[in-house]
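Shared between the two complexes below is chain A, which has chain B as its partner in the first and chain C in the second.
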Partner chain A sequence: MKLEIGNILIKDVQFGDKTEVKNATLFVNQKELAEIAGNDDRIKSVEVFLARPGESVRIIPVKDAIEPRVKVEGDGGIFPGFMTGVEQVGSGRTHVLKGAAVITTGRIVGFQEGIVDMSGTGAEYTPFSKTQNVVLKVEPVDGIKQHEHELVVRLAGFRAANYLGEAGKEVKPDEVKTYETKPLLQQAAEFPNLPKVAYVYMLQTQGLLHNTYYYGVDVAEIVPTFMYPTEIMDGAIVSGNCVSACDKNPTYIHCNSPVIMDLYEEHGKTINFLGCVITNENVTLQDKERSSNMTAKLIEFLGAEAVIISEEGFGNPDADLVMNCNKIEGKGIKTVLITDEYAGQDGGSQSLADSTPLGNACVTAGNANQVVVLPPMDTIIGYPEVANLIAGGWEGSLRPDGSIEAEIQVITSATNELGFGFLTAKTA
Partner chain B sequence: MLMIFSNNPAVRDKYPDLVRYMDCDVQRVFVEVRDAVHMGAVLISHPLSGSIKPNESPYKSVAVDTPPKRGRQLDLKSLQIIEDAIVTLRKLPVKNRQYTDGMLEDFRVIDLDLISSVPPKN
Partner chain C sequence: MPRIVHYINQFFAQIGGEEKADIKPEKRDGFVGPGQALNAALGGAGEIVGTVICGDSYFNENLEAVSKEVLEMIRSFKPDIVVVGPGFNAGRYGMACGAVAKIVDEELNIPVVGGLYEENPGLEIYKRHGYFVATGNSAASMRTAMPAMAEIVKKLIAGETPTEGYVLKGLRQNYFAPERGSKRAVNMLLKKIKGEEFVTEYPMPVFDRVDPQPAVKDMRKARVALVSSGGPVPKGNPDRIEASSASKFGKYSLVDIVDLDSTNGETAHGGYDPVYANEDLDRVLPIDVIKEMVAAGQIGSLHDFWYSTTGNGTSVANSKQFAKEIAEELLRDDVDCVILTST
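Showing the complex of A and B:
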């Protein structure tokens, strides 16, 4: 499967009469976007705001971030199973408004988390401080229940992103990158002297506000399956989860997974990247056993010699991570784990809720309990008072002057377990 | 036999025949589950389910398989998981928040949703 990604670099976003891309600026027809995003009987109103890097703007609580994309050639459309049919995506050509993002906000439940600051300390922790953001504040009709509310806001974000993506359909991209994974036997034969590496892509799937979808299917309901890595670049995987802001994977990050991008970067040079096995993180121990058994079986079947495993979330997904590690290592296949840590505010506690001696190659995305102070912002999009209620905050987190003292887990993607965040450690 | 230890009234009301309901905090739920594990129960759901940390949500439901009368061997894996969960809960700082009724309902709904993958659908 081969996909060309045409990146159209976006360096500014402005409201305009017509939604279009001109001179690296995304112009947005505010009224039209609000109408399209709000085209659902369950939505009362959609307000559209712009938030640019460096501005004194805080968005809270953030639900999802979505990158505007459009299919130019090839089967299907962006976000299959939601915005289009369920054709196989991941081949042909896709244009991306690189540098732009749709951010959705609005209350879904009382304690939903996620802060994006466009400047100050918080901006150093969230990757969405560097994107030109089109922010949707979505208010559903009164009386809507939690499950439907989540769905309604999720779909509004996808409609908005696809509407903006259309503006890039006829634009000549600034750069075109090609990604290709061949059918397994051909792929294995292409670089016979390089180690064969596969990727186990663990997805958060525990229930309401903890869901992830693949071609519209709730991943909690699947058994692990093979995915061509290019499928994610067309939005085959979307986020339906909006708790644990620091280490959930927004839809934007799925489309840009640094793990997959880096594996492609090394493909044919130092490794032979065979593809992805997607798996879930369910609630019951039987589901965990079944899924990790199937994952290890698939990895063995692919003939992989080494595997990267990334986790999403904290707590019981640590058990899935450990099971995947143990069972794959048990087949004589090396693993590298990517996770983040909840090691206490002083960093001195045990980092994960589960562990294994076989997890001897592990990459951390940071300690989610680390405390920061976010300075006051001139403009707040959303509801600042939730700072006291979201995970990582406490009563009094929102100070009278508008600053926020909290753990970095309140910040969207601060410790993203696909490595999309900024935290790093360097030896001098 | 499936049994759900829960301090969530929404779970009690949905599964009245399956739930051992307790009006208590999350730590107490975990301790009750641990005691049941010592009596031979086997964990069905992971006690740390959900990304909402156990010191954030006032509600928690944990499903176990309880042994028949003649008893069962102690399941060491279940014991380790519930003991680790108790350690994790103690590690997280206590937050004395005043939740509104609407927020409490949201917490109840999410906990109910997480545990609802356990009981048979019909």
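Showing the complex of A and C:
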């Protein structure tokens, strides 16, 4: 499977009469975007805002971030199973408005939504302070239950991102990159002397607002399966969860899945990147045992010699991470794990809920309990008072001057476990 | 000039040995004993403005009260930095140095510098509260200990965070790495494949395991309590227990409750969709069923309160502390067994 990614670099975002890309600026027809995003009987209102890097703007509570993309050649469309049919994606050509993002906000759904600050301390911790953001404030009709509220806002974000992505369909990209993974036997034969590496991509599926979807299927319902790495670049995996903001994987990051990108970087040079196994993080012991058994089996089946395993979330999924590690190492296959830590506000507590001596190669995305003070912002898009409610905040987190004292857990993607950020931790 | 306060014991204050180990805390202006060497090693970067002295036995026998007394004496000098010891391998002196470090760290929130032998029990207990230089095991190593401690003090005075020259506090500290996490993972994997040396970013902990208690022989005679980390609280969450990273637990009377529903209970937990818990909190805390079982004589009796916190993201250290306090209350009420619900 071979995919060309055409990156159209976006350096500014502005409202305009027509939605289009001109001179590295994304112009957005505010009214048209609001109508398309709001095209759902369960939505009462959609407001559209812009938030650019360096501005004194806070977005709270942030639900998801989505990158505008469009399919130019090849089967299917972006976000199969939601926005299009379930054609197999990941081949042909896809254009990306690189540097732009759709951010969804609105009344809080669950406790676990995030903060994106466009400047100040908070901006250092979130990747979405560096993107030109089109912010949708989506309010559903009254009386809607939490899980339906989450779905409605998720779909509105996808409609908005795909609408914006269309603006890049006819634009000549600033750069084109090609990613290719061949059918297994051919791929193995292509670089016979390089170590064969695969990626175990763990997806948050604890249920009750903790869901991730693959081609529209709730991943809690699947047994682990193979995936061509390029599929994610067309939105095969999307986020549908309200897990703590710091370490849930927004749809934007799935589309740019950093382990996949960095393994491709080494593909054919130092390693032979065979592909991915996606697996879930279900809550029952039987599910955990089954999924980790299957995952280890599929990795063996691929003939991989070494894997990277990334986690999503914390606590309960630490058990899945440890089971995957033990069973894959148990087959003589080397592992590197990516996780984050909950070591307490003073950093003195143990960081994970489960542990294994075989997990001797571990990358950490930092201690999510670290407390920071986010300065007041001139403009707030959303509802600042939820700082007192969301995971990582407490009663009084929002201070009278508009600053917020909270754990970095509240900051969207601060400790991303796909390895998207630079934060880490050491013992001092 | 940055102000330093020095804590030492009766021996190093040249008051006396074991026979004077019971002296009460006292304070003096300026340096005393080994403080002279410290002051000299600082070379004018800072100054010892006061010294607090206590007998080792007296300190350890009255730990809590003396800690507070010593704290007030230290506070009276308005210090920027506190230095304790060095205590070498002296057990009681090491514990006193550590206890002073702890209370200064927690109450004054200023840096503490000390010196202890690596096997001094005070080091393991209190190292997180100060920058402790690893010293020799006896006062013979004073010549090397004091300059090493002075180096740390000078760094702190210069506004720097010491990164070496002390026993690591064991606290996880965030920082931004030059490469993103995924790239670091790929690099680590390449090294692991080649059999080259690599350094894990998080050494996995060794867990303590709790052995299950023997089964209760006769539930008809047992006194039962309900404890939950699923966040069940009275409607309105009166104690404002956090949705995640709980800093406290709540204690609520269940005497007047027969059945939980949407009018009298809810969950504070942020880790799951609360709809079903908020509709009927018995799903998380089964008060209805357990009261029926008590009425039917299947369970002996019920403790009058339930205890609740949110397990979501709550540190193991906090959880241990909550458990200790809850367990003490349960023991006082002769509770035989606990139904511990989570989510």
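Following the convention adopted for this analysis, the second predicted complex is superposed on the first by the 419 of 428 C-alpha atoms of A that agree within 3 Å, B and C clash if a C-alpha of one lies under 4 Å from a C-alpha of the other, contacts with A are read in each partner's own complex, and residues count from 1 in each chain.
The rule is short, and it goes like this: a contact is a pair of C-beta atoms (placed from the backbone, for glycine too) under 8 Å apart; a residue touches a chain by one contact, two chains touch by 3 or more.
Computed from a predicted structure; not experimentally measured.
S.K.: Assess the superposed three-chain arrangement around chain A: do chain B and chain C clash, or do they fit?
M.R.: Taken together on chain A, chain C would clash with chain B, as the superposition shows.
S.K.: On the A-aligned overlay, A:181 touches which partner chain: chain B = first, chain C = second, or both, or neither?
M.R.: neither
S.K.: Quick check for you: in the superposed arrangement, does A:19 touch first (chain B), second (chain C), both or neither?
M.R.: neither
S.K.: Tell me which partner A:286 touches in the superposition: chain B (first), chain C (second), both or neither.
M.R.: After superposition on chain A, A:286 lies in contact with chain B alone.
S.K.: Which partner does A:315 contact after superposing on A: first (chain B), second (chain C), both, neither?
M.R.: Once the two structures are laid over each other on A, A:315 reaches both partners.
S.K.: Based on the superposed arrangement, let me know which partner A:204 touches: chain B (first), chain C (second), both, or neither?
M.R.: The first partner, chain B, only.
S.K.: Applying the document's definition of touch, where does A:248 land relative to chain B and chain C: first, second, both, or neither?
M.R.: The first partner, chain B, only.
S.K.: Contacts for A:349 in the overlay, against chain B (first) and chain C (second): which applies, first, second, both or neither?
M.R.: It touches chain B and chain C both.
S.K.: Of the two partners chain B and chain C, which one touches more residues belonging to chain A?
M.R.: On the superposition, C touches more of the residues of chain A.
S.K.: Determine, under the contact definition given at the top, whether A:119 touches first (chain B), second (chain C), both, or neither.
M.R.: A:119 sits against neither chain B nor chain C.
S.K.: Looking at A:129, would you say it contacts chain B, chain C, both, or neither? Reply first, second, both or neither.
M.R.: So A:129 meets neither chain B nor chain C here.
S.K.: Residue by residue on chain A, keep only those touching chain B in one complex and chain C in the other, then list them.
M.R.: 110-111, 145-147, 206-210, 244, 314-315, 342, 344-345, 349-350, 354, 389, 391, 394-395
S.K.: Which chain A residues qualify as touching chain B in the complex?
M.R.: 109-111, 145-147, 204, 206-210, 220, 241, 243-244, 248, 282-288, 313-316, 318-319, 342, 344-345, 349-350, 353-354, 388-389, 391, 394-395
S.K.: Inside the complex, what are the residues of chain C that reach chain A?
M.R.: By the definition above, chain C touches chain A via 128, 163, 168-186, 188-190, 192-193, 198, 200-207, 240, 242-245, 247, 269-276, 311-313, 315-318.
S.K.: Please name which positions on chain A make contact with chain C in the complex.
M.R.: Counting only chain A, the residues touching chain C are 110-112, 124, 145-147, 195, 197, 206-210, 244, 258-259, 261-263, 265-266, 270-271, 305-308, 310, 314-315, 334, 336, 338-339, 341-352, 354-357, 359-370, 389-395, 407-409, 416-428.
S.K.: Over in the complex, which chain B residues touch chain A? Could you list them?
M.R.: Those residues of chain B that touch chain A are 43-54, 56, 63, 81, 84-85, 87-88, 91-93, 95-100, 102-103, 106-107, 109-110, 113-118.
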